[in-house]
Each structure stands twice: as C-alpha cells, then as structure tokens.
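What follows is a single structure, and I will ask about it in a moment.
In this document, chain identifiers A, B and C correspond to the written order of the chains, with residue numbering beginning at 1 in each.
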Amino acid sequence: MEPGSLADPLLEVEDLFVEFRTQDGVARVLNGVTYHVRAGETLAVLGESGSGKSVTAQAIMGILDTPPAVITGGEIRYHGENLLAVSDERRNDVRAEGIAIIFQDALSALNPVYTVGFQIEEQLRVRLGMSRRDARARAVELLDLVRIPNAARRVRQYPHEFSGGMRQRAMIAMSLALDPEVLIADEPTTALDVTVQAQIMDLLKEIQVERRMGLILITHDLGVVAEVADRISVMYAGRIVEHADAVSLYRNPGHPYTAALMDSLPRLDQKGSTLNTIKGLPPSLLHIPPGCPFHPRCPMATDRCSTDVPRDHGLGFGRTSKCHYAEELVSRV
Amino acid sequence: MGRYVLRRLLQLVPVFIGTTFLIFVLVWAVPGDPFTGLCGDRPCPPQFVAAMTEKYNLNDNVIVQYLKYMGALLTGDFGQTYSEQPVGELIALAAPVSLRLAVVAVAIEAIIGVTAGILTGLRGRGFLDNLVLVSTLFLIALPTFVTGFVIQIVLGFQWEILTPTVSSEARWSELIIPGFVLGSLSMAYVSRLTRTSIAENKRADYMRTALAKGQPKHRIVGVHLLRNSAIPVITFLGTDIGNLMGGAIVTEGIFGIHGVGKLVYDGIIDKQGTIVVGVVVLLVIVFLVVNLLIDLMYAVLDPRIRYD
Amino acid sequence: MTDPNTAAAGTVTTEGATYVTAAEHQQVAPGKPRSLWSDAWRDLRRRPLFIIASAVIILLVIIAIFPSWFTSVDPKHKDLDFSRVPPSGDAWFGYDLQGRDVYARVVYGTRWTLLVGVAASVLTVLIGAFFGILAGYFGGWVDGLISRIGEIFFGLPFVLGAIVILSQVRNAQVGGAFPIVSAVVSSIAVLSWPVAMRIMRSAAVAAKQQDYVKAARALGARPARIIFRHLLPNCLAPVLVYGTIALGAFIGVEATMSFLGIGLHDPAVSWGVMISDARNYVRVAPHMLLFPAGFLTLTVLVFVMLGDAVREALDPKLR
C-alpha cells in the first residue's frame, strides 16, 4: 500500500470541539479531534456508535444542525484554508467540488421522487452550468464508471428501483460529479451484505487511486479497515485516542481501547471459548467521566487514570496514543 | 394501470349500492306517514295519496322500490317531486353552483393554507409559527355557522362592505366570502398539514445530502423539499373538493346560495324524498370518482407507488 | 359545514406506525426506564397549552355536574317583563326572548353540551376501535367486509346523513331529554365510526407486524390475548388523540345541528339550542346569541387544544 506522498495534507481537522445543547444538558460530542488526510491516501476513522465520527464528518462538510450543535473550538483546514472562518459562499463552493461525502443508507440519502440521473445532473447543471444534454451524457459516464450495468437505462430510474449495492454505487457516482479532491465515506458499507461490501470497498479504492483522492473512511468495522486503510485514527468519546499506520495498529495496538477492540474480534483459532467483550457501555456524552474517558472500562486502569486526562504520547513514526501507559502497552509483544 | 382502474371501479360498485340503498331506506322506509305536512295542515285527499303511492311505488317493499328507482336512474331519470318538477333538472341547476363554491373554497384554502404552512414549517418556532398555530386552532374550533354568521353580520350588515347574500347566478366574485367561510376549517387543517409535512421532511436524509452537495438554498427548498412535502397536501386538497360539495349546507343556507346543499335541505324539510335521494346519489358518485382520481394522481406524485 | 371528522382524523399523523412501539431506553443519570406514555406525560405537564386546556375542561365538567354551585337562578323561570333585557349587574348575561336568565341557561346548558360531546366521542371510539382492531388483526375477508361497510358510511356526507336521520327521528315525535340526546349521540356515532375504525386499523396493521406479536403467536397465544395484551396498548395513542379532538368537533356538530333545527331541543337545552333560538334576534339583542356562542367556541377550542397537545406529546418524531 502506498503511504501517500509526504506533501501537505489536503484536509486537516485540528482540535475540533463541538457541543450539542439539549434540554437534558450539554453533550460534549467532540473534545479536541485532530486528524488529517493527504492526496492519494486512505485514512480510516474507527470507533463505536456515539464516538463522534459522523459528527466530525458533518462538521467538515458544514452540515451540522446548528442549533443544537455548536462548534466551540478548533479549525478545519482545506488546502490550508480554515473553512470555519470563511464566508458561506466559499464554504458552499468547497462542498462537493473540494470535499464530497457519501452516506450510509443510500435509500434515504437519495431523494425518492427524482430519478438518479436528475440528482447527478443537477450538480453538473447548477454548479457547472452544463447543458441538459451534456449533463445527461456525463451522468451516464459516471454511472458507467462505478460499474452500474446498463447505465443509459438506469439513469432514468428512481432510487427505489435499484438494489442496495447499486444504490451505493449511484451515490458514489453522484459524489464524484464535480471531481472532488477529498471523499468522506461515512459507513458506506454498513447497510450492505458482506459480498457487496467487498465490491464497494474495491470500487472506492480503485477510484481513489485513479484520481489521487484523499479518502476518509468512517467505520466501526475492523475487517473493512484492514483491507483498505493506510492510516487509522481510533475515536472514543469524542476524541482521537490513537493514530497509527494500519500495519502497526493491527500488529501492536498502542491504546487499551484499540487492544480491546482487536481482542473482541472473533477468530477461527478461538473456537470453543467465550468471546471477549469490552465490559460496560460507552459513556453518555452528557456526563463524560473525569480523567481518561475510557478508564471505567479499561483493564489496565489505575487511580491516576480517573483524575488525569492523558495527553498524546508519541510512539515513533507518527504514532500517538492518549494513554498514560501507552509505551508499556506497545512494548508488550 | 388499466387493470388497477378497472379493479377499483368494480370495488366502487358495492359501495355505491350500499350508500345509496342506505339513504334510500332512511328516506323512504322509515315508519310513519310520508305525506305528513305535505298538504298543509289538513290530511291529503285520498286520490292524491293513491296517485302518489302508485307513482312512487310505495306499496312495494323497500328493495323493489330501490331497484325500480335505480333502474330509472340508469336511464337518467331522477324522478319527480310531488309537484311534478323533474328532480334531474333541479339538480342540474344547483350542482354547478355548488361546484363553483367548492372550487373557490379549495382555491382559497390552498393559497392561504399552503403559504402559511410553508412559512411556518421552514422557520420553526417563533412569532409567526405561534400566530398561525393559534389562529388555525380558532378556525378549527369555530363551527362554520358561527364563522359564517359573524362574517355575514359584520361585513355584510354592519360595515356593508359586501352584499350579505349571493345572487341566483352566483358569480365567482360573489362566492369568495362564502368560499372562505366554507373552507375555513379545511384551511386551518391544510396549513397545519403543510407545516408538519415540511417540518418532517426538512430533517430527512436526502435534505442533508442536497446540502452536502452544495446545492443553493432555494433549490434545496424549492426542488427537494417541496416536491416531497406536497404529496399529502395535494391529496387532501383533491378529496376536499368532493367533501365540500356535500358539506356546504350551512354555508349555502346562511348566504342564500342556490346550491345542492340548499336543495337537499329544503327537500328534507318539505319531505321531498326524491330530491334527497337524488342529491345523495350525485354526491356519492362525485365522492367516489374524486377519490379514485386522487388515488391515481398519487402514483404520479410519488414514483414509489406504482399500480399494476 | 365540512365533515368534522376529516379535520379531526387528519390532525392525527397519517402514519399510525409512529405510535406503535413503546420505546424504552435507559438513562445513565439516575432515573427510571422511560416509556412512550411516561415521556408523553412529562412533556405534557410542561406545556402551558395543556395546563390551561385541562384547567378549563375541569372547570367545565364541574359546572356540568354541579350547576347550582354557579348560579342560584332557575333557568326555566320565565318572566316576560324581562324579555330581551341586556346584561346588567343582576343578570350578567341578560335575559332571553322569554325572559329567562341567559347566564343560568348557559350554566345549565353546559351539561347537555358536554354530555353529547363526550357520549358521541366515546361511542364513536368504542365502535370504531372495536371494528378497527378486528379488521387490522384478522385481515382477509374480515378486513374486507369491515372496510367496505366503513366506506359505505364514508360516502355519505356527514351533515346530510345527520339531517336525514334526525329529521326522521323528529317526525317520530319522541319527547323527553334522554331519547333526544340518545338520538343525536347515536346519529353522530353512526356517521363517524369509520374514521376511528380506519385509524385503529392502520395502527393495528402496523403493530401486527412487530416481532413481539409474531413471538406471541409462535408461543401459541390466542387471538383475544394477543389483541388485548399486545396490540391494544400500542394502538391506543392515535385513537386517543382522535377521540379528544373529535370531542371538540362533535360539540360543534351538535351546535350546528341544533342550529339547523334537528339537534337537541327542550328540555335538553344545550348552547346550540340557545344559539338557534337567538338567531333571529341577533341585531336587536345580540347578547342572547353571543354568550352561548362564546362558551361554545371556548369549549371546542379547549378540547382541540388538548388533543393537539396530546398528539404532540405522543409523537416521537417531534422531539
């Protein structure tokens, strides 16, 4: 796997803080999220439901529901430009042209009353000023690109007439219409069955390589990540607890949470013994535990963990981990 | 699609028969003297009674009566009143008036109701929202005759802005105020329905996608949101035309409109059974046909619905 | 007057499925498990609309049950010397055509007005819910039959049907309050039950497909048990909302029918009857009509507000 060039990152999230102000209190959904992606590389953002991965993606796109969500700190830089500080017009220009996103459930993400062709073409016509005919031709090309058979006929069909996998492909085609440099895929395969998952992931990878895009893959599925990711950022309770390249992460996790995730994967050579789980539940974001947010569930926790918030510990080669005992964990083989 | 229409038409037949039979029974088959009060205070002369009984088949049992009536109906004969006026003609005079009134009412309720609904649905909680909610609540709560009365008295008699009653030609312009009164309840409902529909669809996933695609705001609302939100509203407006034709008795009474409602009301008071049944038959047909048309239109509006 | 049931039925959300499952989720902070009903109750308690509406309704009910607490005047006492006298310190609402105290009549009329509204909506809901749940659960020919019958009644315009039925009843010249009220209540219920039936039916159809119902059937539970234990609690919400709003609508309907001369009449004197009696004198003695009309509007308003608040509290999508 190509690690990507060592050029400047295309997209950088730095120290992002987001709160959700609800009737029941303030939920601290993102607590200093930092990650980046370069051209030609795939970053996987790994985490459970509620860890904040989708919220980060939506914050990048600028589509958070602004009450109740409030961005309270940090920067989101695209080619060095802080998107949180630019005009609405500029922000909108970046959408789909610079950074595009595809969602988990293509059936609800696509408008049910318009044809797939219409929804792709409107990008071309409205934002690029293409004529109807040109837009139609390009839409068919895009559907071809994502390997939808019979594209010319399909372009006139409605989303509900597609199968799950094909719908996802259509959504991918739509996201590529304006040739974006960064593609965020928010749980793109979670709603699909396993064989289709593999096809979609292959497609994404292929497209990424061909166009030298930066791909941010948001998922909770360790299996999917292993095939595709160059680097991985693990999220928990609204912060990144570990950054590492894919190989090192799997071989030698540097954070107890990552280690526990790896452990909980069912393995063929474990037949006959009980499955490992992580005890407890993720914390409510209204009441994040003091100190390290993972400490109530951590097998390695000590008294210090319930009082001191861990900072990033550098583990060499760009790896970091937010654990007081990161170095010890890594040196255990 | 053709087979679906055929199937629906066939399904309509038993319903049509059921409703018309029901009203027929209610009008003709209730115990008591059907000629009470027909001839003033005195009982009717026996030859009259005999002639009427013969003419209206009153000696046959109900089912036979009904069948004879339906048979005549199929040839376009709605029968005659006791004073030998052809009911069909009376209905033909009154029906267009009621139709115009219903159309005006639906137009008013659509324009005001949908606009109010869109504005409040998009904006969410706020002054306008509360204003619309409260005023629609009032409109729902006020019985039509109260609204009609108040408007007629205030605008017609007190301030004398408008003619309080409608002339017998019932021009479109005269029907605006009665149309407003007739449609006031539905208008309240349309605005709430639109508001809810928009508020719900506003948070749909495809709206988020449109936003993420960088589409301009006016397109996101005008193209993506509206089309989806319109579906229940248009459906309701369509059926309302049918409903309002049959439900305008009070409005027609207050404003003196010579429509179907007034015709049937007078028919009931004067005990002209043929008028009552005739009007009901017409209204049932209208109701069933309109419902069928709305169903078909639904498939046009929402591509997920396809009839085979 | 348009069909009260279209508006009442329509203010309930069109998808019965949203009310079907009682969602339960744990609170991490100290608290009990929350169900749809307790959530709704918590929400309702905080809404000013609900509090005001409930307060007024309770007051009205008290007036209906104990009218003598609110006036010591006999509503039937006539004194033609006082005919059409406007309001004053002695008689807050003035006197009507026959010299009866309007305030007293309004107070005593509360009972009849509320009685008709409550009885009509209870009866409608009972009939409609019964058939609706049967149609929804059993499907097949049962559903087909019940739905067809419902459509037959649907096709009859409400006011028309009411007028026909009640004018026949009136011809039969029955006297006494009870038969008159029963006639009005029954005619409303007969014409309105299909709406309640449809609401219940769609809720039942959606509930039937839930896994817990399938589980119950697999365990061999008898239909009666499934219906009462599993389906009913989850289908109640939309019907309840309809019933509350319909209550308001039916009160208005009764007034309209009395206005048309076919509703209640002496001795069951409701506000609608008072309005009907007063309508020819509206320009010379407006107080005779205004006060009962005002009370009528207020009462209908309050029930519709209540129904509105309940619906918003029960709709999980509006959170």
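Methods note: a residue touches a chain if its C-beta (ideal position, glycine included) is under 8 Å from a C-beta of that chain, and two chains touch if they have at least 3 such contacts.
Only a predicted model underlies this, so the values are computations on that prediction, with no experimental measurement involved.
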Most distant chain from chain C by Cα centroid: A
Pair with more cross-chain C-beta pairs in contact, given A-B and B-C: B-C
Distance from chain C to chain A - Cα centre to Cα centre, in angstrom: 52
Length of the line joining the C-alpha centres of chain A and chain B, rounded to whole Å: 54
Centroid distance [mean C-alpha coordinates] between chain C and chain B, Å: 22
Residue ranges of chain B in contact with chain A within the complex: 203-206, 208-216, 219, 223-224, 227-228, 301-304
Chain B contact footprint on chain A (complex, rising order): 61, 63, 65, 92-97, 100-101, 103, 105, 108-114, 122-123, 126-127, 158, 160, 174, 178
Residues of chain B defined as touching chain C within the complex: 14-16, 18-19, 22-23, 26-27, 30-32, 36, 137-138, 140-146, 149, 153, 157, 182-183, 185-186, 188-189, 192-193, 196, 200, 232, 236, 239-240, 243-244, 246-247, 249-251, 253, 264-265, 268-269, 276, 279-280, 283-284, 287-288
List of chain C residues in touch with chain B within their complex: 1-4, 6-7, 10-11, 13-14, 148-149, 151-161, 163-165, 167-168, 171-172, 248, 252-253, 255-256, 259-260, 275, 279, 282-283, 293, 296-297, 300-301, 304-305, 308, 317
